[in-house]
Structure formats: structure tokens, C-alpha cells
Amino acid sequence: MGFLASNYVLTAKNLCGVRGERLLFEKLNFELSNGSVLYLEGANGSGKTTLLRTLCGLSKPYAGAISWCNENISELAEEYSKYVLYIGHLPGIKEDLTALENLQFSLALSGEKFNFTEATEVLKLLDLAKGLNLPTRMLSQGQKRRVALARLWLQDLPLWVLDEPFTALDADATSLLKQKIEAFASAGGMVVMTTHQEVSIKVPKFEQLRLDA
Amino acid sequence: MPKELSTFSVLYRILARDIKVALRRQSDVMAVFFFFIIAASLFPLGSSADPKLLSAMAPSVLWVTALLSCMLSLSRMYSSDHADGTLEQMMLSNQPTVLVVLMKILAHWVLSGLPLVFVAPLIGLQFNLSSAELQLLAISLLMGTLTLSLIGSIGAALTLGVHGTGVLIAILVLPLYIPVLVFGAGAVNAVSIGMNPNGALSLLGTVLAMALVFAPLGSAAALKIALE
Amino acid sequence: MKNMETKTGINWLQINWLRYASPKTFYPLAGKLIPWCATCAVLLIVYGLYLGLFVAPTDFQQGEGYRIIFVHVPAAWFSMFLYLLMAMYAGLGLVLNARLSYMMATAIAPTGAMFTLVALVTGSLWGKPMWGAWWVWDARLTSELILLFLYIGYFSLQAAIDDKNRADKASAVLALVGAINVPIIYFSVKWWNTLHQGASVSLMNAPAMAAVMLKGMLIMAIGFWLYSIAVILVRVRCEIVERDSKTTMFRQD
């Protein structure tokens, strides 16, 4: 993988998050480097999604700063997006397009070329071989989720920000994803994720952060 | 795997995707088109079939109807992408949001403004317009509808995810549409009364140029606010 | 709040001006200003009306009817001026991310809309005897009407968004877009008016301006200005109280 050659650091300093008029979290500090997996925990409404959206640059922090390799991400703007793969609560899948078309578009957004055979292989791996040429509208919730997650296999970005990636996945897909995250981390990638499922991810640099503590 | 796509091809993909999605859901595009035809046909029924009266009111009727048709489809401009999460992904693309927004605007124009440029002269025939007037109608709509999509994009972005979006967009955007209407319909009217339409057209062009500069900036800012 | 670090001996540089940008310190300051502004506003408006209604000479062409300009013209000035002021505060809010700026913009809007409405009503009241119709598509009146639409858009957007933070920012963007558009709209309406040979009598250039009339109008304008300040400050104070009750959790002073 291309990014292995470089060392990356994601730093959050004194982060404070607000939704509407409510304070969600304050004075959060953490630092992630190559190979780190950060597990966000907390009850519903504790601000996990807000924090994830802040980390990938969609929301501005109410106070505090996030920096990527010592540069503030709000100054990096779209330059920072070249490093981040965000899969949010919504799958980011257009229902009128097929799985392959969706993936092609996702890759294009980060400026990556699309390899048709590679993408087909990944979709087959994720047990989506039958739905390749159907509009994703025809797929089930879990299948749509898998189409979105296929980006993890196809894109080459050093930071993954995943909001509830295990939701709606069956046992097979869950273990595939778990292995993929472990492999990614041991190859030097960074992951920030939330989940309600009991999934134990075994990597050396594993950290947990409780938001409602 | 090195980054391989140029800015141009990324932007092209965004535009092409919107058009592809719209072509798979043709009913949305056709609805705007038919609205224009039906609404324009109501005016003679509401007044009279007197050819003189019809040709006198045609520029304003066709322009106002075109303006309303463009406005009707504004609420869809970002909302479906917002609902399925693809808008977030576009905001996180490696291209500046302003350019991404410009592509969304262009797609909207191609799908809802541009068809009117071709159909409006046909409806104009029903209103007894001369060929010079029909020509000016098409030219002014060509420039004007793009301006409408540009300005409308700001309204669509500001009201993203707000309930009662359709009517709200109309209230926000219609006053801003006035200069486009004045110069667009004015160009056609100028021909009707035997004046040179170039003045009106160049003013319309000025408004278009300003909208091209400011509207993507405003829409990008509004989208960031909406997604925060 | 950062202190301004200046080594100069001048006293006023050491006053922390930014302190007044915080709602908490602005609140009592505004409270002190309101009675003064309100009193002066009442006195000036009464004096201005006296000048306009009794002292100024009768116009030989328009008779007594023209006297409505002492309300109409200053109201029209302020409808426009307050929109631009609102947009300025909105822009300031977006740049500095200052809550007080947004509150100011929000507070200015109703007063601006009121002046727009006053200008429209007085304009059409004047139009009846002059033009023989309650409404004439005169460039100035039409522009006022569109300005009212812009204010309505601003209110509607603010009312439609539940999240206060987002409502502030979104309506600020709208105010700025509107402010860029105001001159274009004004020009386009004027252009349209000349193309269609609209009403040629205008409220402003009809009577020859006597010195006493200009004086009356200026005094009315200053009175309106002080009135606006007083009302806007009252509204900002309400806004501060309303928001503070919800956000005491993270007040950072």
C-alpha cells in the first residue's frame, strides 16, 4: 500500500463538541499514529457521530483543534480529504446506480482510478456477486452497507473514520470486516470507529475513549 | 496506487453522475418540462385568444413560467444526495467544494433549464411571436436559466433538510430572480417594440457573470452550514 | 477573552473593546443606552414632525399632501440602510463566529422590515392624490416592495430552521446574498421602469427642496436612527436572555 512509506499523526487538542445548544464533550485530547485503532464508546446521543464528523472535517469543532501531521485540518481543507476515508451513518450509496457505478463514483471523488475487475472481485468477496448489475435500490440494508464498505478494500487512504460499520452486517461480513481492519492497522493504517456490537479487534495500538464519562 | 484522476475528470464524473441518475429517473426531469408547457398554456385560457394581446404578454408569461419551472426542481438539487449520504462524500472529495457545487449547478441547468430553451420557442409560436422574438427568447433563456440555477442553488443549499422546503425556497429565491426576469423578458420585449436588445442581453450577461462568481461560493458556504 | 497587549500610554487603547463583544458585558451596557436613545428619539421625531407638518411651506403643486415625505423619505432611507447594516453584522458573525453579531443581525431585521412597510404605505397614500391610484409601479416603490420580500425571506428562513446556530449562519448567508443583490435589483427595476415609460412623477424630486424641509427630514432621520438603536438593543437583550437560559452549561467568560 502506498501510504506505508510515510508516517502520519492525527492529533486532537482540547476538542469541544456542541449539537444545537447542548454540550456533548469537552477537552478531548488524543493522538493517533500509524497502526492505531481508536474505539469511541458512549451511549446514544453522547456525541460519537459529531466527533467522527469533526475528525473528518465535515463539522467544525466548537472549540479546540484537530491537526494532521501538525497542520490544522481546517487550513488543509480538501488537501486533508486526500487522506481520509469516511463511511458515515448513511451509506453514501445512490440507489439508482449499480454497486459498481457507486464504487466508481466514490473512488473518483478521491481522485482514484477505478479498476473494474478489482472492484468485481471485492464485491464477490463481500458476497454481492448476484447484485452486481442491479440498481442498489434492489439490495437489502446489509447489502447496501457492504457496497459502501467495499471502498475499504479498493481505496488507498491512511485514515479510516467509520461510524457503526458493523450495523446490519451478518456474521460472515462482520468477521471479514474485522479482519480487514486488523490487517489495515498492522499495515500502518489508522482507524477511528464507533460500534454497538461486541467486536473485539486485536491490534497492538488499540485505544478506547468513552464520551459520556 | 497513485492518485491518477485529474481535477477535470473528477468534476466531469460528478456532472455525469447527476445526469445518469436523472436519466434513470426520467419522471423528475419530464415533470419540470411538462409543467412549463401546461402552465404556459393556461395564460391564454385565463385571458383571451386575441393574437395581439397574446404576443404582447408572451415574453413575460414565458419567462415567468420558465422561472417557476426552474424553481420547482430546486428542492431536489441537493436533497436526494443529502438523504443518502452522497452529499457528505462529495464535500469530502479531494476537490474544492466550490467546484463540486458548480458541477451540481451545471447538472441542474442541463436537466431543468436547458430543455426549456428548446421548448419555449415552440410555445412562443402558440403566442403568435415573430421569428426575431422567438430567437431572442431562446437566447435570453439560454443565459437566464443558467443564472437561475446558479442563484437557486444558494436557496436550495440554505434550506437543505429544513421542513417545508419547497415553498421556503420560493420565498428566498424569487426576489433574487427579479433582475434575471427583468433583463431576460426585457430583451424579448425590446425586440417587440423595435428596439435593440443588445443592452438587455449584455446586462443579462453581467448578472450571469456575477452569479458565476458569487453563487458557487455562497452555495458552498450554505452547504457547509447545513451539513455541520 | 484575550487582552489587547499595547505598550502605549494612551488610556483608551488599554480599554478592552472586545469585552463589549461578549453578550455578558454587552447586556448591562445596552440597558444603560436604551432610555437615552428612546428619549432622544421621541423628542427628535416630535420636533421633526412639527417642522414638517407646520413650519415647512405648502407646495404650490402638490398642496399639503406632499408633507408625507417627512415620514416616507427617512423611512425609505432606513429600510435600505438597516438591510445593509444587518448584512454587515451577518458577515461579521460569519467571519468572527461571534454570537453577538448574529443576535444584532436578527434584532435589526424586524425594524428594517417595519420601515420598509412604512415607506410602502406612505408611498401609496401619497400616490392616491398624486397619481390617482393606490399603487403605481414607480421604480422607487417597486424596489421597496422587493426589499420587503428580501426581509420576508430572511424571517422565513430563520423561522424554518430549528437549530439556532444553523439558523444564525444560514440567514447570515442569505442576508449577504441579498445585500449583493440589492443594488442589482434596484438598477434592474430602474432600467425596467425607463423601458416601459413608467410613472415620471417621483416623490423625491416633486417639490423643490426648501432648507427647512431638508432640515425636517434630517431631524426625522436622526430620530428614526435613535429609535432603531433603542428598539434593536431591547431586542438583543431579549435574545441574550433567551439564549443564555439554554446555554448556561457552556458559558465561557
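Note that the chains take the letters A, B and C in the order they are written out, and that residue 1 is the start of every chain.
The rule is short, and it goes like this: contacts are C-beta pairs under 8 Å (C-beta built on N, C-alpha and C of every residue); 3 or more make two chains touch, one makes a residue touch a chain.
The model shown is predicted, which means the values in this text are computed figures rather than measured ones.
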Check: Which chain's C-alpha centroid is most distant from that of chain A?
Finding: C
Check: Higher C-beta contact count, B-C or A-C?
Finding: B-C
Check: Using mean CA coordinates as chain centres, what's the chain A-chain B distance in Å?
Finding: 36
Checklist line | Between chain B and chain C, centroid-to-centroid distance (C-alpha), Å | finding: 32
Checklist line | Euclidean distance of C-alpha centroids - chain A vs chain C, Å | finding: 48
Checklist line | Multi-chain contact sites of chain B, meaning residues that touch two or more partners | finding: 228
Margin query: Give the list of chain B residues in touch with chain A in this complex.
Written below: 1-5, 9-10, 13-14, 17, 20-21, 24-25, 81, 83-86, 88-97, 227-228
Check: What residues of chain B sit close enough to touch chain C in their complex?
Finding: 154, 158-159, 162-164, 168, 171-172, 174-176, 178-179, 182-183, 186, 189-190, 203, 207, 210, 214, 218, 221-222, 225-226, 228
Next item on the list: In the complex, go through chain A and note every residue touching chain C.
Entry: 16, 18, 20-23, 26, 63
Check: Which of the residues in chain C come into contact with chain B in the complex?
Finding: 94, 146, 149-150, 152-153, 156-157, 160-161, 166, 169-170, 173-174, 176-178, 180-181, 184-185, 187-189, 191-192, 195
Check: Inside the complex, what are the residues of chain C that reach chain A?
Finding: 162-165, 243, 246-247, 249-250, 252
